[in-house]
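Each of the two complexes below includes chain A, the first together with chain B, the second together with chain C.
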Partner chain A sequence: MNVMLNSLPFLMQGLLVTLRVSGIVVAAALVLGVLFGVGLSFGPRWVAWPLRIYSDLIRGLPLLVLIFCVYYMLPLTGLNVTSFWAAVAALAAFQSAHVAEVTRGAVQSIPPGQHEAGKSIGLTFSQRMIYVVFPQALRRFLPPWINTVVSTVQGSALVSLVGIVDLMLAIQQVIGRTFKPMPMYILGALIYFVINYALSLMSRMLEARFAYVRE
Partner chain B sequence: MQYHLNYNFIWKYFDRLAWGLALSLELATIGILIGCIIGLALAVLSHGAGRPVRFVVGAYVEFIRNVPLLLLVYLVFYGIPSVGGFAYDATTSFTMTLAVYAGAYLVEVFRAGLDAIPKGLIDAGRAIGLTPAQRVLHVQLPTMFRIVLPSLGNAFISLFKDTSLATVLAVPELMYGANWIYTNTFRIVEVWTVVAPMYLVTGFILLGCLRLLERRFAIRRR
Partner chain C sequence: MSGNDPLVKVRGLTKSFGANQVLQGVDLDVPKGSVVSIIGASGSGKTTLLRCVNLLETYDGGSIEVDGVEVGYDLSDGRRRPRGERELAGIRADIGMVFQLFNLFPHLTATENVMLGLRKVRGMGKAEARAAAEQWLVRVGLADKLESLPIELSGGQQQRVGIARAVAMNPKVLLLDEITSALDPELVGEVLKVVRELARDGMTMMLVTHEMTFARDVSSRVVFMDGGRVAVEGSPKDVFGAPAQHERLRGFLARIELRDI
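Coming up: the complex of A and B.
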């Protein structure tokens, strides 16, 4: 018990890193993923096909392999980034592919009549997206998107393996000093659980809230 | 900076990668088999049970789903033996973790599968005089199996990818083989350009096999 209390300030620093990684990745993956998803659904063939290949390749690799690939191969392209940004880039690439699929599913659930109606009153493509499709697709998008946020927080634990002191590595370091693994792992599991369970509950609430709307 | 690709070392130690891949598949297979047993048992148990049982099953599912797999892997391998006073080898430990992890996801899959069995089938079984045990064995389980097959296949593929985490316990699977080669030969780029396609191709082959299996077992409607 004492160990858990004494290590809390140190773990909080790790937690901040975990949250920072997750926050950056979620924001980047949201922007990229929505763009990719729209490209997948409505793009001409030369846009949709490369995106399809990107999404399938990225989702077909274990996240750990992706992180190591980016971490070791990025410097060869002449980009010397810190391990933090290499790991963030890998996670963002991974999650953007997942968000792209979520977006594709949500956007394609909008009946074609809505697009035609938008066209017939003279809206441009981006106007149709912003005023017609996105507001309706939002309720299909939000619950699965929150699940990708949960998986981002979980995936961020893997950045500890390239030496970033996030919550996971902070726990490991405390154990290295105190030799009390069990209390520390349970404390760490509880911290992760609280964050992710809150997100899961939010996803479920939104799902229930949107469930009654039917076309 | 000029980097000269040299694949000689990769082919020299390729057996490590090949055996690693075999072990990855083995871990995923054992994981999903035990996971299916856990998932099916808990789904059946909580199907007709009261509130306390459902709460315990729900707590297990939520806990496992909301904690990173890496933390669970560490917890089972380093944490539990430290208080239990016993030890097990890394492969056993990782397989158990994977099975418990898969079980939490499969409970939901099987529960949905049980709910999706048309009531008419069970009534029909009753009408032709099958006992409750026979109804489960000949009507409910085969129907449920066909319904859950796609989700089960996806769970297997994602479990195969998750076996890469076993490298942190030095279980000699594919990821560990890759780590071994580049720490000993420093041919990092070559290793990843070989290992990443190995994961991808295996994943796509598994996907293809599962789609064939699904078509074979598809419920035909006319």
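Coming up: the complex of A and C.
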């Protein structure tokens, strides 16, 4: 018990890193993923095709492989990035592919008549997306999107493997000093669980909030 | 353009879906202020023709001019170049369309459905757009449904919102695609009444319909399509006056009941 309490301040620093990594990745993946998903769904062939390959390729790789690929390959291309940004880039690439698929599913659930109605009153493509498609697709987008957020927090633990002191690595460092793995892993598991359970609860609330019958 | 040119001018229009050529060279004029009904059996190409006019369907050959402007393609430098998104949106804003399945925006109230185009396409302020939208909804008899969502409205009421949404944009021509086909019979009348009023006010309209009595009463011209071509065109009296000269038209009319609305 003492071990857990004494290590808390140190773990909190790791937790902040975990939250920072997750936050940046979630934001980047949201923006990129929505753009990619729209491109996949409505883009001309020269847009949709490369995106399809990107999405299938990235989603087909284990996240850890992807992180190591980016971590070791970025320097080879002459890009000099810190391990933090390499890991964030890898996570963002991974999650953006998943968000793209979530977006694709959501926007493709909107019937063609909605696009036609939007066209018929003179809305441009982006206006049709913003005012007609997205508001209706939101309900289908939110639950699976929150799943990607949860999986981002989980996946962020892998950044410890390229030497970033996040919650995971902080836990392991404490274990290295105290030789008491069980209480520390239990504490770590608890912290991850609290974050992700909160997200799940939020997801359920949002689902209820947007579950109005407007079909 | 000269004052005598038709508002909508279709020339040699062709369109195929794969191997199936649904439009095989359609010529059609819609003068300003007239109501042209397009009738014909299903598969005759009438809905496709209508949808080509605001480029919900692209067309392969021929031309469609609305108010002197080629709809789908830029022919300015002698080549047939598809129009860009922005250009096309500008052209479509002046061509109203009412759909068979209403296609109202389900997340918006009746008023908001009508306001969307006024705000985002016509650039009206919120108050101005709301006033205009409410005025049109009152005109189509929905004064007490302004804040209703589409799901809370009957089919006939939804379709009247659809009409208000289209005419509020002040289009040059209004396209009506079988707008009563999805309605319960007792709701057809309230929708057609609105269309009659629009016709009386001089709205130029092209309509595809199965309501032959209505087509007879409201139209200036009736076009009978058959096999992707205009087979018969004339005044309602010419087309519906017994007995039809054209054999396929005679067969078509014999299968259709003329019901009074």
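Heads up, the rule we're going with is that the second predicted complex is superposed on the first by the 209 of 215 C-alpha atoms of A that agree within 3 Å, B and C clash if a C-alpha of one lies under 4 Å from a C-alpha of the other, contacts with A are read in each partner's own complex, and residues count from 1 in each chain.
Note that in this section a contact is a pair of C-beta atoms (placed from the backbone, for glycine too) under 8 Å apart; a residue touches a chain by one contact, two chains touch by 3 or more.
These figures come from a predicted structure and were not determined experimentally.
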Discussion item. By residue count, which of the two partners contacts chain A more extensively, chain B or chain C?
Written reply: B
Discussion item. Let me test your reading of the model: by the given contact rule, A:L5 touches which partner, first (chain B), second (chain C), both or neither?
Written reply: neither
Worksheet entry | Which of chain B and chain C A:L158 touches, first, second, both or neither | first
Item to complete: Please work out whether A:Q114 is in contact with chain B alone, chain C alone, both, or neither, and reply first, second, both or neither.
Response: second
Discussion item. Touch test for A:L123: chain B only (first), chain C only (second), both, or neither?
Written reply: second
Worksheet item: Along chain A, where are the residues that touch chain B in the complex?
Response: 57, 60-65, 68-69, 72-73, 76, 78, 150, 153-158, 160-161, 168, 171-172, 175, 180-182, 185-186, 188-189, 192-193, 196-197, 200
Worksheet item: Which residues of chain A touch chain C in their complex?
Response: 113-114, 116-117, 119-125, 127, 131-132, 135-136, 213-215
Discussion item. Considering only the defined contacts, which chain B positions touch chain A in the complex?
Written reply: 1, 3, 62-63, 65-72, 74-75, 78-80, 82-83, 161-162, 164-165, 167-168, 175, 178, 182, 188-189, 192, 195-196, 199-200, 203-204
Worksheet item: How about chain C: which of its residues touch chain A in the complex?
Response: 54, 56, 85-86, 89-90, 92-97, 99, 101, 103-107, 116-117, 120-121, 149-151, 165-166, 169
